[in-house]
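Across the two complexes that follow, chain A remains constant while its partner is chain B and subsequently chain C.
Coming up: the complex of A and B.
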């Protein structure tokens, strides 16, 4: 096989997600009353980027064949923290941003430590730590409120040169600074290997524990970037249980749409980003077609159900029935 | 060491350390509570706690069945809410509706469970994912149905009687229901082929399949039972509060999983006893009660809750070191 064919096979999920996103976005903008304008793109990208960060976080953990049901709560916690800290002069704001990102990293590292070194199942462990993170968020913000450095917020949610949404540029920067180095490093390869076959990876001397730990910790960091952006977007902190849960749920949907295998070892964060943008666009399609917003949760749930059921098509390729039972 | 162990009564030596730990924690919590207030050891308080525990107990029974298979049911929150809302909704349709309210609520939960079961057993979708998805769909359906407001229908007399009445003096009906469901579950798990199959699938589904068992049907039935029991829990809760509410089930997902796992049931499936689940349910309920008596705010409760669950799991819920 030629090189490009290998590349194509590897990136199939990502390209499919990209295709779905482009198709949905074209339908969205052509039916939008304002059409394809810089404003529409800016609003869409600001909403999409929030989910994209959380979906990237989920991808890192899912690649190791784990799951992080606390991403939404880390997102909520860092949102509440940012509404206290990211304020004031330039230095104070910078310190606040670092503190918020550090908190996210710490939350992720705690998850990783409990799952890897404590040998607990990721589902139960992250549901429990998610409760803790939500509790802390509620301590920080019993009622919605707080404020944020509005200059920074406006700069990061506005437009560069009047056309390019700044949030998309930040997303690109995060991909280049966090995802690309990680996925090419030894630790990143170890995370993939651990998700693909932990035993084989162990036998080959791959540092699986460190790789998985890095994946969990970076997932916390990415969720914190999402939480920071939510604060820039809304100017407030809000410890909302439903919203945190919804982001966890949507991150899984985005990951699945983005071609990341829930059994681990396959997929990329870039696919998950397009999955997230596509999921958001599909959800917003209801608005341009003038449906009652009440239908949105049902619509999103059905999309999620269809997306996860699509994976079942792999069953038709199974020749030996025993392979049903992994 | 061995000598001491041999001198202990047989039932202690044979007991699962996790179950013993859980019961020890219950005694410890009662002791701490009695230091805080005398009334903690009064029969009224303890019966009240058992009554509150029975709602969680019914839901955790279904969760345990699914966890024994090595799966998980994350659709509990909206299965509970759907059961409650649909039972109350049916009550608005005249005498026939009132008569069918409870079966209809349970039926809706079973329907959710069947969708979960088909997804897990036949489509081989990871249970964690498909149950999250059905939970979202159930939520969406209920939002559309109620128009985003709290439903106005109220619970029927029968639902209130089941949740708050006294068929036997001094013993709340909810406790009797939990005891009946628990006894049925113990019977099914230990005395029927279905129960042995559940343990078998939890240990190794491949081996169970090769032994000629239709494992997919068993998995689907288990999910349907779990959905039905969640909805029944919702029906009881609606009877207790005399109406249904949008997010009434949210508070039951983590406790039901925690109760099962703290009771020594392996989250990987195939191992665990119903006695442990009973201990877990009572433990969680007492913990909640003590935190609320101490007027701990919601934030503190969430934190203590998560920390206690992680700590107890680290004590005895760890996966074996594989190498």
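Coming up: the complex of A and C.
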């Protein structure tokens, strides 16, 4: 077989998510009253990148065969923190951004330390830490409020050269600065190897623990970038429980749509980004067709079910039934 | 090889697992530029020996000397650094990663902190070529490769680590004849290059072709070392025999010849490349053993009867009538009445955190319930019967079954199935890791059940048990029944030599399949 065929096989999940997104987006813009304009793209992009960042965060952990149920809460916590800190002069704002991102990294690192060194199951550990992070967010912002450096916020949610949404550019930059180096580093490979077969990875002398730890910590960082952007869009901080939980659950949906295996070891954050954008567009589709918004959760659920069912076909080929349970 | 300075020596290495002695003052010395074969029957300590060498388990006592200085390895990675690389029987490849990723996995080439994919590709291609697997594409995912190709990748991966000592544990067991020939070329070339190779195999013809030096293990000790070719196959078998008899077996009744149809019969069962035209019968009241080396298809055969395997060809007959068994639930159904005592009680036999009571009644819940409601009184009666019959020692029925000793856990697994009064009982190495006292109780029980009319198919890796318990033993090799031993024919010598497939059948099945 030629090299490109292997590349294609490896990227199948990502390409499928890309295809679903493009199809949805074309339907969306062609039926949108305003059509395919810079404004429509900017709005869609600003809504989409929030989930995209959280989905990227989820991807890192899912690759190690874990799951992070605290990403939505880190997202909420960093939103509340940013509404206090990302304000004032250029220096003060810069300090605020660093502090917010550092907080996200710390939250992720705590998750990682508990799961890896404390040997707790990821589900339990991150439900607990998620509750703690939300608790802190609530103390920071008992009521919605605060403010943010509006110049920075407007620059990052506006358009570059009048056409390109700045939020998409930031997303691309984060992919290039965080995801690409991670996925090509030894630690990234260790995270994949640990997710695919921890025993084999251990027997091969792979730094499993460091790889998994890096994945959890970077997940916190990515969720914090999402939280920062939420502040830029809303200009406020809001410790909203329902919204935090929804982001956690949607991030899992986006990851699955993006071809990342919940069993670990397989998939990419790029796929998850397209999964997130597609998932958002599915929701928006109903609006352009004038459906009652009440239909949105049901419709999103049905699309998600169809997408994940595609992944179950491999079970038909299993010859030893005990392998069903592996 | 005499006079050559050993590269690596092990002195007085001992290792115990719980009460089981795996290695007892074992010695081994390895010289560069030679292939050293390790022989021994199941459980003789070979696997533990190489695990100690490769840093997977730490020995309880003893020294290892590499290049004249004492070493100890905390992990496989540490052993790799010292130049000792092991290709394990259970493959150590990561399935979702590509061949190239796997080959460089323990030490990938990096550039600016990231993995250098071009260099990785080059290393992988070189290693594959050296391992004789140049036809394998470095970008293919390991999980998509057939087993024999994976084995080549495993060897390439080992070579990429630039070993000084390469250990191959049953490295050829999944390979076809052409692949084996290729690997032999590779191994001989590596020997020329000055590597020390340790070769563990049960295939006597392979050892005869490859090895310079042989060491035989028995009961965790090295009992003999000799230059390859200086002993006949029979002498080697003689060295491997000699386990200490420590079990007491119930007497075997003399069975009357009956013309009733056998309770369980298989006709030409084949499955994937693991079962090859297996035919057998088990009559009422009979204990039939499955012998042979570990992993020759015994487990698959039992799973085939129990309805776990798909795409099985051949026929299964119960009481002389062909049946299709589609699942374990169908197998345990009263019309068939089969029970399987699985190999790994912790994963396949018990729900460890659940109580003894719950575990006992799992397999019989359908019988104990009416309209989906469990009849607690009936359950209690049956459980009391079983706890009494098997003398299960437990502090109570409502404690987690994981808190019991290994022997009592195994009794719970057996009792759980006996609650259904099965007519056909399949046992997959049921005495592994349990104490001698419980073993003896199980032997008595097995005979008692047979006398009550059950048909028993019993796989064991312990030759003593096969000799002591079975009316007949079928020896499997490469998924096929190689020999049937009846009554007094069941001796340790016969079991070992037929397990190794020697005695006039030296050609072995692989050449046969290849022709």
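Note that in this section the second predicted complex is superposed on the first by the 318 of 326 C-alpha atoms of A that agree within 3 Å, B and C clash if a C-alpha of one lies under 4 Å from a C-alpha of the other, contacts with A are read in each partner's own complex, and residues count from 1 in each chain.
Here is the rule we use: a residue touches a chain if its C-beta (ideal position, glycine included) is under 8 Å from a C-beta of that chain, and two chains touch if they have at least 3 such contacts.
From a predicted model like this one, the values you see are computed outputs, not experimental measurements.
Using the contact criterion defined above for the overlaid structures, shared-chain residue A:91 touches neither chain B nor chain C, since it reaches no partner. Residue contacts after overlaying the shared chain place A:119 against chain B, while chain C stays out of touching range.
Once chain A of one complex is fitted onto chain A of the other, the partner contacts of A:7 are limited to chain C, with no touch recorded for chain B. After overlaying the two complexes on the shared chain, residue contacts for A:163 are found with neither chain B nor chain C.
Contacts of A:308 after superposition on the shared chain: chain B is touched, whereas chain C is not. Comparing chain C and chain B on the residues of chain A they touch gives the larger count to B. Applying the stated contact rule after C-alpha superposition, one finds that A:202 touches each of chain B and chain C.
Residues 202, 321-322 of chain A lie in contact with chain B in one complex and with chain C in the other. By the touch rule above, chain A contacts chain B in their complex via residues 67, 114, 118-121, 123-125, 127-132, 134-139, 142, 202, 241-242, 245, 249, 252-253, 256, 262-263, 294-302, 304-305, 308-309, 311-312, 315, 321-322, 324-325. By the touch rule above, chain A contacts chain C in their complex via residues 1, 3, 6-7, 9-10, 181, 184-186, 189, 192-193, 195-197, 199-206, 261, 264-266, 318-322.
The part of chain B that touches chain A in the complex is made up of residues 72, 119, 123-126, 128-130, 132-141, 143-144, 147-148, 205-206, 209-210, 215, 247, 250, 253-254, 257-258, 261, 267-268, 297-307, 309-310, 313-314, 317-321, 323. Of all residues in chain C, those touching chain A in their complex are 56, 75-77, 80, 88, 91-98, 101-102, 105-106, 108, 110, 113-115, 117, 137, 139-141, 157, 271-272, 303, 307-311, 327, 348.
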